[in-house]
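What follows is a group of structures, each given as C-alpha cells.
In the two assemblies presented below, subunit A is common to both, partnered first by subunit B and then by subunit C.
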Partner chain A sequence: MSFDARAVVRRIGVLAVFLLSVVTLLFFLLQLTGDPAEVMVGDSGTPEQLEQVRKQYGFDRPLAEQYVRYLVNLAQFDFGVSFANDQPAFSLVMDRVGPTLLLTFLSIIATLAIAVPLGAWLGARPDAPERIAGGIAVYIAQGVPGFVAGLLMIQLFAVHLRWLPSIGHEGVATWILPTLTLASFLAPKLTRVVAANVTEAMREDYIRTARASGAGPSGLLWRHALPNALLGATALVGAQFAFLISGAVITEVIFAWPGLGWLLVKATTTLDFPVIQAAVFVIAVLVFAVNTLTDVLFRFIDPRLRTKGI
Partner chain B sequence: MSGEEVLSVDDLRVSFPARNGSGANFNAVDGVSLSLARGETLGIVGESGSGKTMLALSAMGLVPKPGRITSGSITLRNRRIDDLGERDLCDLRGREIGMVFQDPMTSLNPVRRVGALLVEAIRRHNKVGKDEARCRALDALRAVGIPSPEARLRAYPHELSGGLRQRVMIALALVNHPPVIIADEPTTALDTTIQAQILGLLRERLSDAALILITHDLGVAAELCDRIAVMYYGRIVEAGSAESILSRPRHPYTAGLLAAVPNFDFGRPTLVPIPGAPPDPSTPVNGCAFQERCQRRTPICATKPLLREHTGGLVACAHPAEEETIHA
Partner chain C sequence: MTTAFGLLPRLGILRRSNRPGIQLAVGGSLLLFIFILALLHRQLAAYDPLAGDILTRLKPLLTPGHLLGTDQLGRDILSRLLFGFPWSLGIALAATLIAMIVGTVAGLWAAWVPGWIRTFINRSADTIIAFPGLVIAICVIAVIGRGFWPLALTLGVLTWPFFARVVYAEALGLLQREYVLAAELFGVQGWRILIRHVLPGLRPTLMVMLAFHFADMLIAESALSFLGLGAPIQAPTWGNMLAESRQYLFLAPWMMLAPGGVIVLVVVTLNLLGDGIAKLSRDKARAVE
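Right, the complex of A and B next:
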C-alpha cells in the first residue's frame, strides 16, 4: 500500500472539522436544555445555592466566553466533573471504552461467522427451494428488534435452560448472550448483502473463466465469487459500526454491561452533562477511527484501490 | 480431412425457452454438425446472435441456464460429453478442452492474482505441490511471451495491459495442455497491432492442439484457419477449406460477408453491406433463414435448404454460386 502524506493530512483536517462540529453541537445542546445550574442544585436548592453553582461553573459568564473556555478545557480532555459523583467525566468515560469495544468487536466476529457462510450458501443458488425459505427466515430475523432478540435469549438460555448467566461482565460465559444480542442487529442485514453479492458475482464473466479451467462448485463459490462479494460486505460492516454502538446502548442496558452505552443512558436520565459530553465525544472519535480503518481495510482487500493513498 | 478426430459435433440443438413466456422454445444452435482433427484450426464465422458462442459453450458443457442441449451429440476424444454430469465436466474442462474468452478485463477475476489463478488451474488437474505448480505457472507465462513472468505472477489483472491480460487468458487455457482449445473472439477487445500478436501466438502455440476460432471477422479467420464454417441463425450455411470459402464463396451470405470486409484494395469501389438484419434467433423462420436479405431468392427458398456437397465444400443454399463466380 502506498503512503500518501497529503491524504493523511486531509484525513486529519476532516477529523478536526468533524470534532469541532460535534463539541460545538454538544455545547449548545447543553444551553438549550435549560439552566444547568438548576439541574445540579436540584428542586430543593435555594436561590443562594443556585447563584453559587453558577459562579463556580462559570454559567454566569457570557456565552462566547463559556464556549472558548469549554474548547480550551476540551483540548486538554477536561470535560469537567460528573455532577453525580464529582469524578472527572473523561476518565469515567474512558473506563467504559474497553468493555464497549470488547462487546462490539465480539459481535462483529459473531456477525461475520454467521453472515458470511450463511450468505454464501443462500446466494450460491438463490432459486433452490430450501434457500428461498432460508432467505425468508433471514428477512424475518432482520425485522426483529435487537432488544427483543436479547430478551428472548435471556428467557431461553438463562431462565429456562440455565446454561448462561443473564447479566454481568465477568468471564467468557457472560460475554455470550450480549454478543449474540448485538450480533442479531447486524447479522441478518449482512447475510442478505453477502447473499445478493454472491448471486451477482456468480453471473460474472470471470466465474465462467474459472469453470472453463475446471473449478468445481465449491471452488467457484469460495475462491472466486466470495472474495468479490465480501468487498461490499466490508463497506457495510464499517458503515454499521455507529449503528452497532447505538445497538450496544440497548444491549448494555439489558445485560447490565459496564460499557459506554450504559453510562450514557444513566448520565442522560440524570442530565449529567459533563459525562454526556465526554461520552458523545469519545463515541464520535471511535466512529471516525473505525470509518478510517474501514477505508484502509477496503483498499487492502480490493487490489484495484491499492495503488491510491489512504 | 486428415488425422485423428478429436472433437465431433453431430446434429446439435441447443434450445432456450422463448422470452415471451409462451412456453415455446427456440434453437440458438439448430442442427449443427462438425468435426475437428488433431492440430487443425477451424474457424466459425458469423454475426452476433448466429449461435457461434453457444456452440462453443455447449462443447465446454457451459450452456447457460435455462438453455440446454435438446438433441444431437458432442464427442470429445471418443467420449460422449453432452450427457455428462457437472462433476465429470469439471474434470474435463481445462484438461481435455480449454477456452479463451473475448474480454480479458471482465473474464479474469479482479481480486485474484494471476499466479493464484494459474496455480489453482494446475492443481485442479494435477497432483502437484505449490512449488511445482508455481514453476509450471511460470512456464505457462513464458510460453505466451509475457515479459518478467515472476513479477506477473504476483500481478492483479487490472495491473496488466489488455494484450498482456489476453496472454494470461491464453496461458490459463493452455496451462494443462488440453488437446482442444476454443477461442471465442480472442482479439475483438484488443488494438489491431495487439490482435496480430495474439493471433500469431495462438498459431505458434497450437502445433499439436486443435483450435476452434470463433470470430465475426473473416480477416481473422483467414489469418489462422484451415477450414471455415459460416453460421447464420444457429445453422451452418457454408463450410469448406479456408481458401475456397474466402476466394469462392458459394452461399450468398458468405459472399455478402466478404464484400463487407474493409480492405486496402482501392480498385474495389466501396464496401457493400448486406441489406437488412439477421432474424431474431427467438422468432421462427420457415425455410432459408437468409431469404429476406437474399438477392437470389426464389419460391424454393421457403423450404429449409440442407447442407450438401457442392464444388468441394458444403453449402446450405438452393442457389449456390457456381465454380467460376468471383465475389464482388
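Right, the complex of A and C next:
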C-alpha cells in the first residue's frame, strides 16, 4: 500500500475542521444558557459568588477573547474542572472511554455473529417458505428501536427467566444484555444486507462456474458467495460507527454502564459544561479515528479502492 | 438507477418474493389506521391522559375499564397512548419536514452553483453526518430546554444533510438532462429551472426519503424523551411512557408494551411504504428504459 503524505495532511485538515466545528458549537451553546456563571453557581448562588466565578473563568471578558482562550485551553486538553466534584473534566471522561469501547467492540462482534449466518441462510434461497417467514421477522425486527429491544430483553432474561442481571458492569454476566441491546441497533439491518448480497452473489457467473466444477450447495454458499457478500456488509458496520455511538449512549443509560454516554447524559442534567465539552470532544476524536481506520482497512481488503486518495 | 444509493441497506431480501404492490397495500392500510387513531384520539380516549387516580395504580393489562392497564400514577395507558399520537407523530413529522426543506434547498443550491458554495454545503453535510447526531441533540436540548418545537427544530436542523446529500447527487444528474439544457437555452431563469424542471424529477426519491426519515425521527424523538431530554415531562409521548415504564420493569412489566408496540407499528408501516415506493419507482424507471 503506497503511503501518500499529501493525503495524510488532508486527513488531518479534515479532523481539524471537524473538531473546530464541534467545539465552536459547544462554546455557543454555553453562551445560549444566558449566563454561564449562573449555570455554574446554581440557584443558591449569592451575587458575590457570581461575580467571583465570572472573574475566575473570564466570563466578564469580551466574547472573542473568551473564545480564543477556550480554544487555547482545549488544545492543551484543559477543559476545566467538573462543576459536580471539582475533578478535571478531561480525566473524568478518559476514565469512561474504556467501557464504551468495550461495549461497542462486543456488540460489533455480536452483530456480525448474528447477522452473517442468519443473512446467509435467508439469502441463499430467499423463496423457501420458512425463509420468507424469517425475512418478515427480520423486517419487523428492523422496526424495533434499540432501546425498546433492550427493555424487552430485560423483561425476558432478567425479570421473567432471572438468568441475567439487568444493570451494572461487574463480571461477564452483566455484559451480555448491554451487548445484545446495542447489537440490536444494527443486526437486523445488517442481516438484510447480507441476505440481499448473498442472493445477488448466487446469481453471478463465478457461482455458476463453481457449481459446474462440482462445488456442493454449502460450499457454494460459504466459500464462494458469502465472502463477496461480506465486503459490502462490513462496510456498513464501519460506516455506522457514529450511529453505534448514539446507540451506546442509550444502552449505557439503560444498564447503568459506566461509559462516556452515561457520563454525558448525567452531565447534561446538571449542565456540567466542562464534562459535556470534554465528552463530546473525545467522542468526536473517537468517531474520526474509527472512520479513518475503516477507510484504511478497506483499502487493504479491497484493492479496487486503492487508486482513490484517502 | 439513481434512487438507490443512501437507501441501499434498506432494500432487502423481500425483493423477489414480494412485489411492491403488497408492501404498499399493507403499509397504506396501516397508515390509514394510524391516521384515524391520530385524528380521533380525543374521541377514542376514555380518560384524561394526565389525570391520575391513586386507587387504580399499576393495574395490569385487560383490567375492566383499562384495556392496557394503568401506570404508576393510575393514569389510563390506552388514553395516554392515544394522546401520544399528535405528540410523537407531530414532533417526528415537523422534524422531517424541516430536514426535507432545508436539505432540498441546500442540495439544489449545491448542485446549481459550482465552486466554494458547493464545497461548503457538501463539507458541512459530511461533517454533520459523520457525528453521532444523538450526542449533539442531547447537548442542545439540555441547554434550550424540552418541548415540542425545541425537539422538532433540533432534530430537523441536525438531519438536513441526509436529504441534501441525496438531492445534490440526483439534481446533478437531472441538470444534465436534455429538457433541462433546452430550458437553459431558452433563457429560463435558474430558480425556475430548479423548481419547474428539476424538483419534479426528485419527487420519487423525496417520497421514499420522507417515509424513512419520518421513521428515524420518530425513533430519535422517543430516544430523547426516553433519556429525559425530549418532550415536556408530563406530555404523554411514547418516549416518555417508555422512560416511566423503565422504573417499573419488575412491578409493572406491561407498561412498556403499549408504547413500545405502537412505535414498532409506525416504524414498520413507514418502512413498508418507503420500500414499496422505492420499488415502484424503480420498476417504472426500468419500464421506461
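We take it that the second predicted complex is superposed on the first by the 304 of 310 C-alpha atoms of A that agree within 3 Å, B and C clash if a C-alpha of one lies under 4 Å from a C-alpha of the other, contacts with A are read in each partner's own complex, and residues count from 1 in each chain.
The rule is simple: contacts are C-beta pairs under 8 Å (C-beta built on N, C-alpha and C of every residue); 3 or more make two chains touch, one makes a residue touch a chain.
Source: prediction; values computed, not measured.
Three-chain overlay on subunit A, with subunit B and subunit C fitting side by side and no clash. With both structures placed on the common chain, the touch criterion links A:250 to subunit C but leaves subunit B unconnected. Of the two partner chains placed by the overlay, only subunit C lies in contact with A:147; subunit B stays clear of it.
In the superposed three-chain model, the partner touching more residues of subunit A is C, compared with the other of subunit B and subunit C. In the superposed model, the vertex angle subunit B-subunit A-subunit C (Cα centres) comes to 80 degrees (nearest 10). Of the two partner chains placed by the overlay, neither subunit B nor subunit C lies in contact with A:298. When the two complexes are overlaid on their common chain A, residue A:228 makes contact with subunit B while staying clear of subunit C. Of the two partner chains placed around the shared chain by superposition, subunit B is the only one that A:208 touches, whereas subunit C remains out of contact. Once chain A of one complex is fitted onto chain A of the other, the partner contacts of A:219 are limited to subunit B, with no touch recorded for subunit C.
Here the smallest spacing between CA atoms of subunit B and those of subunit C, following superposition, is 13 Å. Listed in rising order, the residues of subunit B touching subunit A in the complex are 60, 62, 86-87, 90-95, 98-99, 101, 103, 106-113, 117, 120-121, 124-125, 156, 158-159, 169, 172-173, 175-176. Of all the residues in subunit C, the ones that touch subunit A in their complex are 8-17, 123, 127, 129-136, 138-144, 215, 219, 222-223, 226-229, 242, 245-246, 249-250, 253, 256, 260, 263-264, 267-268, 271. Those residues of subunit A lying in contact with subunit C across their complex are 17-18, 21-22, 25-26, 29-30, 32-33, 122-123, 126-127, 132, 135-136, 138-140, 142-145, 147-148, 151-152, 154-155, 158-160, 166, 189, 192-193, 195-196, 199, 236, 242-243, 245-246, 249-250, 253-254, 261, 264-265, 268-269, 271, 276, 280, 283-284, 287-288, 291. On the side of subunit A, the complex with subunit B involves touching residues 204-206, 208-217, 219, 223-224, 227-228, 231, 301-304.
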